[in-house]
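Take a look at these structures.
What follows is chain A paired twice: with chain B in the first complex and chain C in the second.
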Partner chain A sequence: MKRFCLALVMVLLVTSAAAAQQIRIGGHGGNDTIIVEEMIELFVRPALEGTGITVQYEPVADDYQRFIVNALSAGTAPDLFYMDIFWAGSLIRSGAVEPLNDYLEKSTVLKAEDFIPSLVDAFTVDGQVYGIPKDFNTLALFYNKDLFDYAGVEYPSNDDTWDTLYEKLEKVASIDPDIYGLALQPEFARFGALAYAAGFTPFNAEGKTDLSDPAFVDAFKWYTGMAETGVGVMPADISQGWGGGALASEQVAAALEGAWIIGALKGDAPNLQYGATLMPKHPETGQRGNLIFTVAWGMNAASPNKDAAFRVLEILTSEEVQQWVLERGLAIPSREALADNPYFQQDHAEAHANHVVFLGASDGNVLPYSFGTYGGDWMQPIDQALAAVMSKQATVEEALQQAQAQLDALMGR
Partner chain B sequence: MRRVSAGRLGEKLAPYVLLAPFLFTLIVFFGYAFVRVVYFSFTNYDLFSKPEWVGLRNYLNIFRDPEFTRAMKNSLTFMVVVTAAQTMIALLLALFLNRKMRGIKFFRAAYYMPSVASSVVVTLIFIWFFQRRGVLNYVITRFQEYQVILALFVLLAAALQFVLVAWEKLRRRPVAIFEPSFLLLSLLVSFMIVFGLVRFGFILPREVAPVDIIWFNTTKTWPDFFGALAFPIPLGAIMLFNIWTTAPTFMLLYLAGLQDIPGELYEAAAVDGAEGWHMFWKITVPQLKPITFLVVTMGLIGTLQMFDQVAILGSQAPRSSTITLAYYIYTNLFPSSASPRVGMASAAAMFLALLTLVIVYAQRKVLGGENDA
Partner chain C sequence: MPDLQRRRWANAAAVYCFLLLLSILFMGPFLFAFLSSLKDNPTEWPPSLTVNQLRPANWAASYRLAKQGGGSGLWGGLAPGGSIDFEITYWTEEGREPAPPEVVIPKRVQGGAAAALSVEHWAADYVEVVGPYEISREPDQGGVLTTYSFTLVNKGDVPLKEVPMDLTVPMRQEFVSATLSPNRIERLGRTQSWNNVSSGLLPYVFSNYARVFRENYSVSTGKRLFLLWIRNSFFLAVTRVVTTLVFASMAGYALARLRFRGRNAVFGLLLFSMMIPQQVTFISNYLVLRDGVFGLSRLVGVPTLLNTYSGLIISGLVGASSVFIMKQFFERLPASLEESARIDGASTYTIFFRIFLPLAKPPLGALTILTFQGVWNEFFWPLVVITSPADKYPLTIGLLNLQRTYGAATFDWGPILAGTFISALPIIVLFIAFQQYFVEGISFSGNKE
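The block that comes next holds the complex of A and B.
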């Protein structure tokens, strides 16, 4: 009996020692599961050989944000996890995310300066870096080359302003009543880039949102006006869920989307000849606008193996891993050094589109896709206003007034 | 001696041992959770930092929050409309399916389908139904196009039936108004005449613009003349759908209740010369009172806790148009990209629990429980 107990204790000790070095990584499910698993197999495991550190990926299929908030507060969260810019702020303020400055100082391979500054800034609070951006996305104008050829219209280009783009889209839309120029999602996540181009900022000097800002109204009228003239259409009205679906249906000549559309088009419309170009410039300011969507790796402040976790983080954000991810056409790297990557110069639509999205981050009025502590609640009134005007339920003035009232109520709460 | 007392002890303990698994889950997942929620409702807590005691402030704050007031209004409207409609429809369905006819088992199963299917899956299908270019708007458009033709068909069939029945009556033969063989004949003839008229172009479907009711993405309310009591259209869509999925469950209860009513009551009433309508009000409805009490109580609780369909509809409809109390609690606990407001959520949850209790109690007073049935 005694011997048995001793053996049991030994077994427990050995397993707990091994478990002490296991680094758990939390991230999205779906496609990410395959990608991260392969990445771990190809890069992380070989590099960690002999250190006793093992790595396990724990994908979360749905509602990742809620999972991570719950897991962090309950003390069951993975050691490293995805952190979306959209909600990272509130998580960081809660103190559940480990500040990384001390680790970065000691590290010989991972330096915050190597990453695109606007991305790192998005995860920096009070001078402390809380997340290492793993990749990012911006919006670009994706268009169907065949429809433009058929209409005999020049492809959209980087020189296009809102006016010249409108003319081109109008000509394509005139081919047939069932063909539209632009997919108009009633979402700030698309329209916002245009508002920024016109010079709008979500929060003014007093920290309030002013929808009567002429820049906002200008962009709002341009965007919703296309629904009225039939130059554009809301994807839902042609039974599509988003711009990518609308573009794949070949009923719409162009859509404002990020590089995520590439994979979707490959699946839904493999024969579609598409091109991508930078967002159009505002005719007066001459600026483009864009939103940055990015996800970073964060570290659990309550992790028992922080040094080992940082070691894994170094590998996950290393140049060779990012190069591999880029070449697979999966995401756009967050390291600055990869800007002149030969991959971007390749002569095919995918590489070109990725390059356009990469350039979008540093051209014009670019702001991260996050809205302080308000998040989705801030966008909702604007999304509703867009939908109300484009479905002819309200005039621009009515819709904006209502949205402003809702925003005031939100901010006064 | 010892053995006997041990046996007695075992006998005394047995029920508790058998109850233990249930009691355990009740205490851990309900009792403990409830105590925590009561405590949290008096604190300011974000899941990470220590809860901070704020007294009654959360309760005051929820009443100051316009979103809460809207949620309460939506929940109460939803409760009244859905409970009333589903109870009546369930009773009607049960009456219909309680008859002896060929293939009744098939119909019983078919009507029960919406309740068996997963709520999440059915909601996803229902979202497609209510799209702007969805099935529902399409059917309404078609109906408007063929309105005149349909009306003509029905009128013609009714006229034919009337003539046939009148003819028989004139010849002093006993005949029911809905004599099946005549009904079939009149429908068939009427169909052939109308079909011929349409086929040869004497009457044509009306030209109507496609119906374009926006069911989800709208803040409009209906009906207009109700003023402040009108409900948002997206909530109306959820109501329609919710009635459709829940009525069959209650129909099953009513069906069981109907089969318990002794046949002698109807026979005695028939001897006394009672007609169908009288029998329904004087026998069926009073006999079903305990079932009605159960159905209404379950309906009230279910509708007040309405959550899943609102959550799945998500951003397809403006939040203010669909938010219910249960969804309000959820959005406060997991707000999009803000810190969890556990205190507010707990206070709202306490309020919802209290409200449910009061309404069910009031209902018991009005309808009376099983005891005095």
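The block that comes next holds the complex of A and C.
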């Protein structure tokens, strides 16, 4: 028995020593698997040569958020992992994510100041940085040049306000009853950018949401009004699932989407002649609004190899990796210095659109796509109100009243 | 008399019509999904039955084009120095001068940015377009039909797998027909676009199926993931079938035929474990695997059984219901069989292996099929146990991964549908081949596993 115990202890010691420098990285499955593994192969492995640190990517095929929350509480989570802005807040508050300030101070290559401030702010809680943004997206106005040419209307531009854009879209929509100006998803994830432009904030000084805010009502009426006049259409009404699908079908002249639309258009409508401009300005405030969608690398607070993990983090967010990601058209980098990258100056639609999305993060009223601890529950009443009004099941007043009541109930919990 | 006969015929007709209707109801969605899995745009609305991939003219053309390009007619390719002749016809109204199309070989690959990482040679860098030349012009219903021809030549020294092509003409010049039907028509009718003009017959007809295999590969090992997933599922299913047959028959025999103390208690426990819903034991099973079956696996140097096949196999060695099926079967065999063998001096093992096991072919067949089918379709437990890398996934988890790959921004349903069909195939084959065992299996256990 004694010998048996001894053997057991020996085995334990050997296995734990061997596993000491293995850094596990958790992220999305699918396309990300190929991209991150390629990234590790090209940059991380060579840089870690001789340090004894090995890196393994663990893609999650299933719902990622559920996986990471479960894994963190079960103690099986990877050392570094994707952290979406949409739910990062509650994860950080739970204490499962390692604050990075101490590491950043010691580091010679990774500085929080090198990244776009609004992105870093999104992952900063009480002065502590919890995530290094890996890439991001904002909304832009994507339009079909052919339809504008056909209608003889000038393309949308960065100078457009809501009013001038509306006029242009109206002219395009008048070509044919089956052609519409703008794809109107009944989602705060699109409409929110307009509400922010008008000066709306999700939570007022008392931490409550006020949908009777004139700024919100103004944006709501402009957005839903287009469905009523036929200048815009909900993608579902032309049997499409989202704005990108609607744009690809050539029945809609413009859509509010992020850079994710570029990859989708390449597959669905590779020859679509599209252009992109910044979101339209609000006619009175003169401001644009935007939402920031971003994913950061977070570190597991319970990781046994934090220093090694930070070393890997330094490489993953380095300028050369981000440059590679950008040039391959995989994502938009989070480093401020890459704003002047020659890639953005190239003369083709894809590079131009990526640049517009990149600029969207620092122009006007830009807020992260996250709603405190409420998450998606906060948006749901507004999404329903948008859908109800645009499908003519309720008036603006009725819909907003009902949404307000639902939000009050949610916040009163 | 003829009245009775007529009524009998009418009854038979009614029954047949009813059965026909039922089978259409059941098979209809299945066939429709299969049809959709061939289309370029599986979600087109309203759905049409004239699918490009099912037109014999396109079959012939895709075979001929690939053959002409120096590749295999079935599998496609454009060999170095190979060329492809292409013809296309447009209609223009009277008085408008038809213009030759602008031919472009774009740098494009199906499957997005990740798929583009795997492309070694772009056709755009090697293929030269000769033409287009106008070859005929004939009047047609108030307009003119003009046909152009051009040739694509591979000037490089590498064989090309994919040659995408786009043709663009001025507005109001309508596309009529081409050597091979285009995969999509864009820009208000101006642009005709092909994914691959040298695809060959099989990748043309089953393009979504080919994509599933081609676009899912592992960067670290370079292997095709979808093939690996199929192999993994087969491995798991076969292993579990073997362990189930061995343990279920032995345990069933012991419970049915051997007299030992605590037999009833064991049987009671067995029944009890069948009554507990899986969800209840789920977390404890997970913890047992995490700690390597109470630390036992550490003896062989494995700290945890999570993310290993051993974990999946050990946690599913045999199900209580399988033991139950075998026990019920062995109990029904006459006692005289065993007794006469004993008189001849046979040991318990001899009796089991030589007499009882050969008699148990029907329930073993049923168990094989039920277990295979169960493991092949198992989803939740493997999802929890097997996490990474993607090379290790069984097919069901692989399909979930497809949803991520092709559902990032917009759903690319083609490959997802195709993948689902491939995963259903073995079960369909199994079912057709072993129909009677399925029914027997259900009648043995009283309920399907």
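What we mean here is this: the second predicted complex is superposed on the first by the 396 of 413 C-alpha atoms of A that agree within 3 Å, B and C clash if a C-alpha of one lies under 4 Å from a C-alpha of the other, contacts with A are read in each partner's own complex, and residues count from 1 in each chain.
In the analysis below, contacts are C-beta pairs under 8 Å (C-beta built on N, C-alpha and C of every residue); 3 or more make two chains touch, one makes a residue touch a chain.
Since the model is a prediction, treat every value here as computed from it, not as a measurement.
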Superposed partners chain B and chain C on chain A - clash or fit: clash
Partner chain(s) touched by A:D377 [first = chain B, second = chain C, both, neither]: first
Partner chain(s) touched by A:Y150 [first = chain B, second = chain C, both, neither]: second
Touch count on chain A, higher of chain B and chain C: C
Partner chain in contact with A:E38 - chain B first, chain C second, else both or neither: second
Partner chain in contact with A:G267 - chain B first, chain C second, else both or neither: second
Touching partner for A:A112 - first (chain B), second (chain C), both, neither: neither
Touched partner set for A:S239, first chain B, second chain C, both or neither: both
Touching partner for A:A140 - first (chain B), second (chain C), both, neither: neither
Touched partner set for A:A351, first chain B, second chain C, both or neither: neither
Superposed model, chain C segment overlapping chain B, candidates 149-157, 221-229, 239-247 or 257-265: 257-265
Touching both chain B and chain C, residues of chain A: 239
Partner chain B, residues of chain A touching it in the complex: 65-66, 69-70, 72-73, 86-87, 89-90, 93-96, 186, 236-239, 370-371, 373-377, 380, 383-384, 387-388, 391, 393, 402, 406, 409, 413
Complex interface listing, chain A residues touching chain C: 7-8, 11-12, 14-16, 19, 28-35, 37-38, 41, 56-62, 74, 76, 146-147, 150, 239, 241-242, 244-245, 248, 250, 260-261, 263-264, 266-273, 328-330
Complex contacts: residues of chain C adjacent to chain A: 45, 106, 108, 110-114, 116-118, 166, 168, 171, 184, 186-188, 190-191, 193, 217-220, 290, 295, 298-299, 301, 303, 306, 383, 387-390, 393, 397-398, 400-412
Of chain B, residues touching chain A in the complex: 46-49, 65-66, 131-133, 214, 217-220, 315, 318-320, 334-340
